[in-house]
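Here it is: the structure, laid out below.
Note that the chains take the letters A, B, C, D, E and F in the order they are written out, and that residue 1 is the start of every chain.
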Amino acid sequence: MDQLTSTLLSAPVLFFALGVFAAAARSDLSIPETIAKGMSLYLMAAIGLKGGVEVAKAGVGPELLSALAVGLVLSAVIPFLVAPALAKIGGLDRTNTGAVAAHYGSVSVVTFVTASQVYGDTGFAIAGFMVAVLAMMETPAILSGLFLARRESGKLFSRELLREVFFNGSVVLLLGSFTIGMVIGEDGFEPISPLFRAGFTGVLCLFLLDMGLIAMRRILKTRSLTLRLASLAVLFPIVNGTLGVLAGTFIGLDTPSAAALGILSASASYIAVPAAMRMSLPQADAGLYLAMSLGVTFPFNIVLGIPLFRWMAETARAMT
Amino acid sequence: MIETTPRERIEVLVDAPLAPRLAELAETAGITGHTLLRTESGRGRHGEWSEDLLSGATAKYVFLTIASPERADAFLKALVPLLESHGLVVLRSTVDVIRPDRF
Amino acid sequence: MIETTPRERIEVLVDAPLAPRLAELAETAGITGHTLLRTESGRGRHGEWSEDLLSGATAKYVFLTIASPERADAFLKALVPLLESHGLVVLRSTVDVIRPDRF
Amino acid sequence: MIETTPRERIEVLVDAPLAPRLAELAETAGITGHTLLRTESGRGRHGEWSEDLLSGATAKYVFLTIASPERADAFLKALVPLLESHGLVVLRSTVDVIRPDRF
Amino acid sequence: MDQLTSTLLSAPVLFFALGVFAAAARSDLSIPETIAKGMSLYLMAAIGLKGGVEVAKAGVGPELLSALAVGLVLSAVIPFLVAPALAKIGGLDRTNTGAVAAHYGSVSVVTFVTASQVYGDTGFAIAGFMVAVLAMMETPAILSGLFLARRESGKLFSRELLREVFFNGSVVLLLGSFTIGMVIGEDGFEPISPLFRAGFTGVLCLFLLDMGLIAMRRILKTRSLTLRLASLAVLFPIVNGTLGVLAGTFIGLDTPSAAALGILSASASYIAVPAAMRMSLPQADAGLYLAMSLGVTFPFNIVLGIPLFRWMAETARAMT
Amino acid sequence: MDQLTSTLLSAPVLFFALGVFAAAARSDLSIPETIAKGMSLYLMAAIGLKGGVEVAKAGVGPELLSALAVGLVLSAVIPFLVAPALAKIGGLDRTNTGAVAAHYGSVSVVTFVTASQVYGDTGFAIAGFMVAVLAMMETPAILSGLFLARRESGKLFSRELLREVFFNGSVVLLLGSFTIGMVIGEDGFEPISPLFRAGFTGVLCLFLLDMGLIAMRRILKTRSLTLRLASLAVLFPIVNGTLGVLAGTFIGLDTPSAAALGILSASASYIAVPAAMRMSLPQADAGLYLAMSLGVTFPFNIVLGIPLFRWMAETARAMT
């Protein structure tokens, strides 16, 4: 449990806890929306660049391709796995089932970033190419979620929707800076590393402070989160994360990257997918899917999921 | 006194990701101009929301457009199917405008 | 033509820190919905102000609510004692709405 | 019922750099108060615009002022020469206000 | 007077002067509100963290408790000291007297931050625990100010107000990051030190540029600041600051910390208190209290107060 | 062509290309306006400070004065050079001719900043005092443009306009931080150098990402940019830049500074001038001048102009 303590007492997680505390105490502490948006763009650019630079240095073998393929499948399939539970146990109608399911198939960039920071600080380094897997898993789930919601009605996907899936802002920024990182390599990265490497953990702290505020406030003002749905929001990351770790171990990823695939599978989107759902399934309850993904699953992953999936990946490795 | 002509003022409170859809519907109804106003937060039967740039999912705008009565009617008719599903608030009133040919 | 029903439109220019108080008063008057619009700056008898996020002390919002005449009256009555002390600007007009049961 | 008095409500959509000019014209017309509302974007005969803080050149505000009919007339008269050159959208309607002496 | 020159020619103070100059020349230079808010949150998090890390390193003796107690008393009592002058000399009514008095009892985070930077650069280091005193002094003055304004009317304090006093955003952020600093210590601070330590002075420069613009524009558009009130806004920091330095010396604080207690007492709030006054005393003239605290007292402290209270603390020390 | 490749593959230029690509693919990637404004203020403060510090170190000879004088003349005269082409070839009326011409006389801060970064990385260092020339060239063109537009109508310049010319935000910030840099020198700069020097290239990358998005979106939604006008927007920087390089070489500037004078002459304003034109020539078509300066000339200079004018300056030097 040393891992758990070191996660819990790291600066990013403590700032997250501070945000949760402040919101629970109904403090008026808040970070302007635009600042939060700016920090999230920064974190994506930085993680993309660092991943690309690492790939430029280490090269990639065939494991990149298999990781991409498995990531794609996980993102597309997880919505179908969670949908029955949402409908039967959670009591959601078809529209809300599809909308929530899409969130769980997709990923949370910040959960990945926090994990890679916390792991990296203890010498458990995720491979650079996992950033490409992260980008790959962002949007396929949107299509699965819409299919679940609309499989009986007429037209499934509009042109704007497909653009959203392929050229979503997060996907473009992650893959774009990943590519830039590969092109410029370690040498070209050096002049920008003070901003993108040295400043990284500090910005992550401030961003997690905001996420703590937002997550807790979500919970406080939700009207539709039942106890059953909240339990599912804890169960899903455990099940999906286990699936991810096993898949990663099975295709031969190194241990930290298998843990990272667990984190990705366990995490739920709160940026790309909510916007797409608002556009494509406006009848779905935004308060509900944000409460589940941001209010419950996100904190669970930050606090418990990160050490859990590391432990799982190490155990799975030991057994193979 | 300046000469003014009455026109219809339509205001629709709409989720940010859906605003472009409204602009298309207005254009189909023959209305070529509109302005989006920024909001901060609100409360209704479905709870509270506030501006949210991270996902943009819960932000809303006021879509304001000035039109002739016929075009306003056509636009509202096009909005009806979206009212319930998109949780729109639609307001209509009359204003006097100075250069009526624009609208 | 779409069927519309007249409702009262109340707009109140209010200091940002006081907006929650207005929401409470509206709720007491039986009005459950409102929307806050963002402003940039303004000028009046007490001088100029502009958006100010540092302290939030001088920022203002437009509090917009649509209500039936009875509820609008009740809300305005509740506002009267605050008019002078809180420097409110209160506007009332009539608009046509589509789903009148909401308001 | 609260006693209210009708006043004129003038709304002008104006480019951000020109808003101070409008405030001067309003003041010349004897109107001392106004409020600027924030917009996000819009579309018209001259294409689209959206908020733009970098240069501020394409941002717009809604200039809102409440005035007596005489002052409103004087203000509109002063606006006429700017209508075409400044691409203004000018709206006029009537609202009920509570403390009429202010406006 | 070498101290004065080195204060006046430090980058932060020069940026403040640039802001004042630009506003006086009616330049359209301006920093977006959200950026300023973001910088102020950053400065609070950074000063809190650094204070906590230092306490983790140096430990605290009994002087922390006495400093907290004295800070609490100064914040609560100063409003009562300045109120008679505001009413008699300034000619303010009871409401405005209470509102302005509350500002002077409370503190300005940026004045403290600038002082700790300017002092620190010349080896005159304020103790880390003074950050806790800073947080402690933020809000008690609000209650005193309201008591002054309302002592004869019925209900004094609402529930929201008490929440504002205890869980005000600045207080929570300062104490929260102070605590995080203590928990993570020097080692845990290392990965975030590029953002929070190396970037600090630079951000302070940009923030003070904005404060210069805001302070001067306040003065230019005020309608209610009379010459008498402006003189009080210079007199108050001198008197309160002297009080603070003497109290600090008396309870045995080290010289830089006694100077810092002077700075805190001399400074006037322009974040926490204005918002609370707007909510609780809306009839009070916001233009007036902001003109006094931001337009006059803040510049006075940045330019003259910082070297003055250092000199005072050194003199007081020499005499004991 | 090694220079060209190294420009094209530098991180800032690649981020610019990413922005252009994302906008062309109609991705919803976007950077909040306030963040972009904040970054542009940061870049101006940083470039000003660095220039001032360098002047403090190296001193300035008479070349500063001649560079300032030549910059002033170029900014004031270029509008008259481009106006006939805009009217005859571009078919613009007098108002639009004046408005567009003013943009070409003035300068783009970010083009200069990118050039100084790209040049500096390869040991081709622009002299510090060129920042003062940059500030000098910002606004004279506004007066020339207005003269062109209004020479027959009555009053030419209002009081606000003259204030805009002399105390424009960019001018004040550039000259102000230049002066601060000179006052504090290398020693005083040291504590703020982590923010203003180490962070510089990284911020430039993010800012150019945004500029790529903005430039491409401008092009996509313009209605008034004809092929002829677009061609002029490429021709003007070539002609004006050549003029600048020659003038710089002629007055005896070092080679990098002569190239920089070329960059300044070639670049077109998209901050100071559009705002001034909106105020003084509201009938002019903002969509047009922004499409030309931001949509065509800016990308041309970033990608081709920077290596071109370096090559030109080196050739001109070799021939003297």
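Here are some notes:
What we mean here is this: a contact is a pair of C-beta atoms (placed from the backbone, for glycine too) under 8 Å apart; a residue touches a chain by one contact, two chains touch by 3 or more.
What you see is a predicted model, and the numbers here were worked out from it, not measured in a lab.
Note on connectivity: the fewest chain-to-chain touch steps from subunit C to subunit E number 1.
With respect to subunit A, maximal separation of chain centres occurs for D (centres as means of Cα atoms).
When subunit B is fitted to subunit C on its Cα atoms, the angle of the rotation, on a 0 to 180 scale and to the nearest 5, is 120 degrees.
In the contact between subunit B and subunit D, the residue numbers used by both copies make up under half of all numbers at that interface. One finds 40 Å separating the Cα centroids of subunit A and subunit E. Subunit C and subunit D have centres, each the mean of its CA atoms, that are 19 Å apart. Chain geometry summary: the mean Cα position of subunit B and that of subunit E are 46 Å apart.
Shared contact sites, meaning residues of subunit E that touch two or more other chains, fall at 32-35, 37, 194, 198-199, 275. Among the residues of subunit D, those touching two or more other chains are numbered 37-38, 53, 93. Taken as a contact graph, with one node per protein chain and an edge wherever two chains touch, the assembly fits none of the named shapes, being neither a line, a ring, a star nor a complete graph. Across the whole structure, chains are in contact as follows: A-B, A-E, A-F, B-C, B-D, C-D, C-E, D-F, E-F. Interface of subunit E with subunit A (complex): residues 34-35, 37-38, 41-42, 45, 163-164, 166-169, 172-173, 176-177, 180, 183-184, 188-189, 191-196, 198-199, 275. Here subunit D touches subunit F in the complex through residues 15-18, 21, 46-49, 51-58, 82, 84-87, going by the rule given at the top. Contacts from subunit E toward subunit C in the complex involve residues 33-34, 36-37, 40, 214, 221-223, 270-272, 274-275, 277-279, 282-283, 285-287, 290.
Note for the complex: subunit C touches subunit D at residues 13, 37-45, 60, 62, 73, 76-77, 79-80, 83, 89-93.
Residues 1-2, 4, 9, 23, 32-38, 61, 66, 93-99, 102 of subunit C are the ones that touch subunit B when the two sit in their complex.
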